[in-house]
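Please find one structure pasted underneath; my questions will follow.
Just so it is clear, A, B, C, D, E, F, G and H label the chains in written order, and each chain counts residues from 1 on its own.
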Amino acid sequence: MLDVLTVLLTLGGLVFFAGATMGILRFPDFYTRLHAAGKLDTLGALLTMAGLAVYNLDPFSMATLLTSLKIGLAVGFIFIASPTATHAIVDAGVRAGLRPWVKQEDEQQ
Amino acid sequence: MESITGLILAKYNYWMYISLMMVGLYAMIAKNNLVKKIIGMNILQTAIILFYISIGAKKGATIPIIMHSEGHGHEAVHAVQYINPLPHVLMLTAIVVSVATLGVALALAIRLYARFGTLEEDEINDQVREAP
Amino acid sequence: MKPIDLEELSTNRREILQATQPPPKNPYVQKGLSLGISFLLLFGAWVLLSGKFDAFHLSLGAASSLFVAWISRDLLFPSGDVATLARSMAGVAAYTPWLLLQIVKSNIHVLRIAFARNPERLIHPHIISMHTKLKGEIPLVTFANSITLTPGTITIQVSAGNEVRIHALDYTTGDMDALREMESRVARAFGESD
Amino acid sequence: MHEIVSIRPLLAVIASLAVTPILLSARSPNVREGWTFAAGAVKLGIVLSMLPAVLGGNVFCFALTEVIPGIRLAFRVDAMGMLFALVASTLWIVTSAYSIGYMRGLDEHSQTRYFCFFAIALSATIGAAFAANLVTLYMFYEILSFATYPLVTHHQDEEAKISGRKYLFFIVGGSVVLVLPAMIICHMKAGTLDFAPQGFLAGHVTQGLATALLLLFVFGLAKAALMPMHSWLPAAMVAPTPVSALLHAVAVVKVGAFSVARVLTGVFGVDLLAQYGLGTLLAVLASITILVASFIALSQDGLKRRLAFSTIGQLSYILLGVALLTPKGITGGLVHIAMHAFGKITLFFCAGAIFVAAGIKNISEMKGLGRRMPITMGAFFIGSLSVIGLPPGGGFISKWFLALGALESHELAFLCVLLFSSFLNAAYFLPIAYNAFFANPPDDAKDAGIQEAPPWCVAPLAFTAMASVWLFFNPWPFLDLARLAAAQVTGG
Amino acid sequence: MNQYPAFLIIAPLLAACLIASAAWLRRSLCFPIAVLGLGTSFLSSLGVAARVLTDGHFQYRMGGWAPPLGIALEVDYLNAPVLVAVSGAALVSLIATRQIIEREQGPKAPVFYTLMLLAVTGMLGMTATGDAFNLYVLLEISSITGYALTASGDRLAPLASLRYLLLGTIGASFYLLGVGLLYMMTGTLNMADLSHLLPALYGSDAIFAAFLLILCGIWLKAALFPLHAWLPGAYSHASHASACLLAPLMTKVMIYVMLRVMFTVFTPAYVFEQISLEGFVVTLASVAVVAGSLMALAQRNLRRMAVYIVVAEVGYMVGGAWLGNQTAWTGAILHLLNDVLMTLCLFLAIAALAGRMETTDFKNLKGLFSTMPFSMGALVLGAMSIIGVPPACGFFSKWFLLKGAIEAGRFDFLAALLFSSLINVVLFFRLFECALYSGDDHHGPGEHGHIEIHEAPLSLVASLWAAAAGILAVGFYSGSIVNNFIKPALM
Amino acid sequence: MIWQVDLAILALVVICAIAAVTVRDLLGAGILFGAYSFMLCLLWAAMGAVDVAFTEASVGAGVSTVFFIAAVFRTTRRTKD
Amino acid sequence: MLVHATLDFPGWGDPNAPAHLHVAPEYLEQAYEKTATPNVVTAVLADYRSYDTMFETAVVFSAGLACFFLLRVQSRKKEEEEEEDRYFRHLATDMVIRIRTPSMHVPDSPYLQQLDPYWTPRSLIVRAACRVLTPFIQLFALYVVAHGHHSPGGGFQGGVILGASLILVALSHDLRTSMKMTPEKLMGVLSPAGVLIYAGVGALCVAAGHNFLDYGALAEWLGTAPEAARSLGILFVEVGVAVCVMATMIIIYANLSSAGGHKQGL
Amino acid sequence: MHGFLLGAALFLILLMALSLYRAAYGPTVVDRLVGANAIGSKTVVLLIIIGHLFSREDMFVDIALAYAMLNFIAVLAASRYFHKRKGLDAVEEEITPRIHWD
């Protein structure tokens, strides 16, 4: 039961990770790439780590619970740090003077 | 043929450390920019760390932290089960040293930039030659 | 030397407001409370991290927590307002599941774009800016980070006058109504809704 | 023969290091020179105190620390060393006195430095005389080389610089490149470097190696100015005259000749040399040097340069004497150290006095000088006689023994060389004295005011001239010592 | 229990830390603490040497662990005199350069002292340690402080220092890699243990590679000729105070490490019988000697000249170590000790001269014998020693080196040594010529012209003469040094 | 040790190292150097050297990249190679 | 050459390689028993090879010192008297004031904030997030130091993280703010103090009659078994390492990022 | 399960490689930053997976935690760079005020 949950969560996480990477590779400019990288990654990490935490609980004991909670703590950290980092990067991009990519048609509007 | 493949596969860590070392040395010798040289220096050092850690690796063994139950009772430790800790110890020291060296090197680079306004070695040399 | 950009300077009005706020009524009690809360929070974190419950490690933990609470007393809870703190914690707890749901929903949206054959066709990047009513620092940051976490939007800047600039991936994600909802939920979580 | 362990050799060596006060009393010349004399007197006293025992066939020994396993810095005062030390310490006092006159007469610069290095040079000379082994000898030899360098280049002009370089190149180059390896080879072969009366190399070397070593030593000890290594000597004439006197008569070249003699007898040993026929080889070399140097001397016009070439020739007499390998020959060679010292120092003093008084350096300008400077030129005449080897100069004694030695070894060719070269000597010295007294001076007004040099100059040269004569009649300490030394080294 | 070896190394470390702390409270405390630290170290080194004389080789177990497990300090006949020389030279150079440091560094003087002490700690530790990896750590301490010290000089010093850093790091990395190879093949890091385990593996290529890597690393650090590129810049642009500390000690300690590796880790049996590198290395050393001398000859600046002399001296020692006979080894070890003193004397003298004039170009040296007789006197002594004039100590080591060269039949090395001695004569007499002549007027100021004696500070001159006296003393007693330390060390 | 992971990361490490020394922008080089240290950390972990991995994590992510960027900030990003 | 030598290597991960057979088993089998420290790496690092580690700390210390020495610009008398334009912001009115004053007379008032010529505002978001994160990072760092015996980590890692957390403050706020938290003087004292703690523990062992760094000597004073004393000794030296490393990292960062001026950081 | 985790790890490494492409060839520096950040976030997960593969996750979680905390410092530092230096290309030259040490 737990294993199934683990696999599901982890697979989901991996999908999001994959999406993030695809986004990083395929999106046209820095800002749009950041959309993919900054957040798909965060969710991917969340899901994968949740899966692993669940897996870890298998022979349930105080120690494994604590370890799982630690993983949760790490997730919490990522949740505060990742958007902040994303924001910092986008701030850097703006300050560096990078113009956002705008679609041709949007530009004409 | 098989032996050669085996040779390559069985020791790929060692081949890799050699290539890393060459990258580092190349950067230190062939690059003109001082910061690049410093990066090369760090890569060289990590190549050596890689080498040491590879020495320590042991198939089918776990990390060198003794599994122990709470309290002070513990079962006999079989060395085969654990990875060799000594290279790790040495490399902790080596990493520290490399950070220390990095700090000093960067400090020197900053001073050089303040003096010469460039980090390119050939430009610095030109300036030195013009006004010794 | 580059002269100082006055426009940029004014973005830090919030900091100024804080600095010029009247000092709390009883500074010692406030400080003590702030320290105490910090300590408890940190000690809880320590226990979580340590996983060892013998006296030696616990006392080490207490010492460490006290030490950290002391050196970062200005960082964690500068105000030391216990009631607000408790309320906002509860608020955040209530807010998080909703946020997670939002995140998952919109993440899937971006995922579709990322895996689409031609992502450039699907996106319409543009920058929007909105005015927010949020006042406190923490709520503002929570709001900004929530925007960032909801894919499709990234907070670029929170400028003076609570103007939030957002980079949106396309029109659906950059939906003003969704943002407004988020804002109100954040406000509720931190008890700022009036 | 007793070995007396005594600190006296060391004291004799470091006595002149009492110059340290010289440095401190640089401000008052009188005090400074007082120190110089005091040190000279002390040194002479110490040397003299050892004389009776040495004459009695005893040897003073003193060892300092061990510098290389098996090799100590050690002193050993035997007859040969005593002879040389006696000459050096006696003449130091005289030269000091003369230096005072000369330097003050010309108001030279940096006199403090001059006296300082002068004293160091003397120390090194005594040390070389008393050295008990090759390393000690080498040490003092080198110290002497470096201590005389500032003296040679005292004038500090371009010429002095060049001469100084030449001097160093030959002296130090020779010792470093030739002597040092030779020493090491000796040490490797024989395991010791202590001078033994009959040499320590016997039985350890083949003929080829012995020849090579001999050549290395003889040319390496370039102070002896054997012919291809001689050219530093005329160059060093740029030095102030007392320095030249010191260089030629007492310290430098004599140390070279003495060292060669010491090496020949103490390292190789007479028997070994005779066995491999090396004595003849050396004697031939010496003969060539004698003749060539004498011919060159004839053609020189500068008085000091002529004296310099004369020195080159005379030094080779010493070598020749030792190379004859007979007791008489060796006696003659050793005595020649002393006799030539007194004679040549007189000549140099005279040259200096002439320069101080008249500012003349060239022989051709000296016509008629004898009338204005009778004492100086008289002394010059006596000195010439001594150097030529005519009675009543002391040089006669040594030449006599050399000739006897040549006869004794049945090498008539060398006898001929001796006689012919003496004739040449006479040919380049006597005309000077003759012209000085009997030729008419050129009627220039400029030398009208010439008179005798200051008494500080004249007194020493008169003293040494008289000493030369006195030595002819009474050569006992030197002759006895030389005989004793010859007896010791030939095992007789 | 005898704690001298620990004090020897810990005293400067503690003193360094104390200075760094005390600097924020009272600046005036720093120098006494530094002297105290190095003084303790020097006294301990004497104690250690005395104990070696009575008991022979002994071990100090750090942390009480027996060597293959823990780290032990090994003190034996070989490193006891090196320890004395290093700590003594460091003490002298610290006292000597105080004024220079205070003048040049101003408020940063305490930091400079601290760096000096740490560098000395590293060098002493390298000399005393019996563990191959520990040596690397200590090497890095002295190197990092060395980089900082060399960077404090004229305007080109940081550049020279950065080059030194890059090359030095390559050298240290090579050493580390070599040690790693040894560890991989044997499983131990302790030198004594290695020497027991290695003979079984002598045929292995990996061991050979390890040996070569370690050697290359050491040579880079020791500035053997083709690898010397960092040295001239580093020591000629550095502050005089740092040059006085580093130039006498750094390369010598590295040479000591080379000897240690050759004798203790790999036995001479391996170095000279299993592999036959000695032909190549001695040729290299000969080239180093000649090239160093010639490059010194090409310089017009006293300091740069001295720096190239150091390069040549390295060639002496490496060549001596590789000639492969007892005599030559004696020479190499003795020369190591002597060179510490000689170079110390030389660089202190240069510092003294430089304190009175802008640069040490030859043309600036005119008339120095008159104005700075004491400094020049000591310089002459140092020069005599470098040339190899007895009784200065340089002669005796050269003696052994030459004799070793003859015994080994390496006449190229012999010729190189003799040639370099000659060049040294030329070098120094060219210098003395300049210093002897007052220059413009040929006959100088005359007897009564007043020459102002304008000496360097007393502490500098006194230390300089201490070094010079050391040269003479070591010269006079070199026989007993050889008998009591070097011979047993080579047994 | 997990050789599959190890091998894969090793390849990345080398690529990253080459990228870090070839990129024509010092800031970019610094960032790549940071990424390089991430991978090293993983590599050590995969080989079972937890302490080393920890050190590399703290040093690589925490300070050495920051030092690099600080140094580049104080000097220049320009590089000719 | 290296490639050639590699052919001679034992295979990678071979449990029977000589490296695993000589000393390592002894460490693994004895470390827990003798030092009561399950993390063998820590045990070896801080006990068996503690001498190494002490010098490793000294390396860090000297690196910090070297950076300080190379870069720090200390105001000299002349500079202090030199007048210079300085910018201040009056907090109440949000006005920027330019004051021309020698640096010895820089006004120090709670209502004025000094700005650098290159001053740029810190992002509000970053600042707030860092404010929340920093205490936890520091706590984590201390945890790492304290639990080096049981899990990976130890003094060095903890020290670096601690230093990094303070660097984070500097990055998110201002170098000047962080220098107020960690004054240069304090760091300058702490950095050697870390080494002193380490060496002091060693010296205590000497005072107790054992060899340098033989923590077993402390058993009597601490009133514990030698193994526990070793464990405690390891903890003490780890604290020393952490203190030194933290202070040094801050010193290096402060000097590098401000090129020694300590005024305007990254 | 072990195999699944191993596969997941390898998949993540593949993704890292792709991100590395962006980090190495990113047209601008900020693109590199994005790539590096992505690599960093994957590293955290990978560390825990490796911990599971060793069956010693309690040991690896600490490292992951440290990573989660510190990864963001480097990114922050890089972004701070642009607060004071404008321009995306390396040719930007906004001369720092020179400080002279001596």
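One rule holds in what follows: a residue touches a chain if its C-beta (ideal position, glycine included) is under 8 Å from a C-beta of that chain, and two chains touch if they have at least 3 such contacts.
Predicted, not measured: the structure shown is a model, and the values here were computed from it.
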Self-check item: Any chain in contact with subunit B as well as subunit E
Solution: G
Practice problem: Write down the chain pair with more C-beta contact pairs when E-G is set against A-C. | Solution: E-G
Quiz prompt | Innermost chain, where centres are averages of C-alpha coordinates | solution = E
Quiz item: How many Å are there between the centre of subunit G and the centre of subunit H, using C-alpha atoms for each centre?
Solution: 22
Exercise. State, to the nearest whole Å, the distance from the C-alpha centre of subunit E to the C-alpha centre of subunit H.
Key: 45
Practice problem: Among the residues of subunit C, pick out those that touch two or more other chains and give their numbers. | Solution: 1, 45, 49, 51, 144-145, 155, 157
Practice problem: Could you list the positions in subunit H whose residues touch two or more of the other chains? | Solution: 29, 33, 35, 54, 56, 58-59, 62-63, 65-66, 69-71, 73, 76-78, 80-81, 83-84, 96-97, 99, 101
Quiz item: If you look at subunit G, which of its residues touch at least two other chains?
Solution: 2, 6-7, 9, 13, 17, 19-20, 23-24, 27, 39, 41, 45, 49, 52, 56, 59, 62-63, 66, 70-71, 117-118, 120, 123, 125-126, 129-130, 132-133, 136, 140, 144, 150-153, 156-157, 161, 164, 167, 171, 252, 256, 259-260, 266
Quiz item: Which residues of subunit H touch subunit B in the complex?
Solution: 54-56, 59, 95-96, 98-101
Quiz item: Residues of subunit G touching subunit C in their complex?
Solution: 85, 87, 89, 91-92, 94, 96, 115, 117-121, 123-125, 128-129, 131-132, 134-136, 138-140, 142-143, 146-147, 150, 169, 181
Self-check item: subunit G-touching residues of subunit C, taken from the complex the two chains share
Solution: 1-2, 4-6, 8-14, 16, 19-20, 38, 42, 45-46, 49-50, 52, 57, 60-61, 64-65, 67-69, 71-72, 74-76, 137-138, 140-141, 144-145, 155, 157-158
Practice problem: Would you pull the subunit H residues touching subunit A in the complex into a rising list? | Solution: 1, 4-5, 8, 11-12, 15, 18-19, 21-22, 28-31, 33-35, 37-38, 41-42, 44-45, 48-49, 52, 57-58, 61-62, 64-65, 68-69, 71-72, 75-76, 78-83, 86-88
Quiz item: Quick one: in the complex, what on subunit B touches subunit G?
Solution: 7, 10-15, 18, 21, 54-61, 63-68, 72, 74, 76-80, 82, 84-89, 92-93, 96-97, 99-101, 103-104, 106-108, 110-111, 114
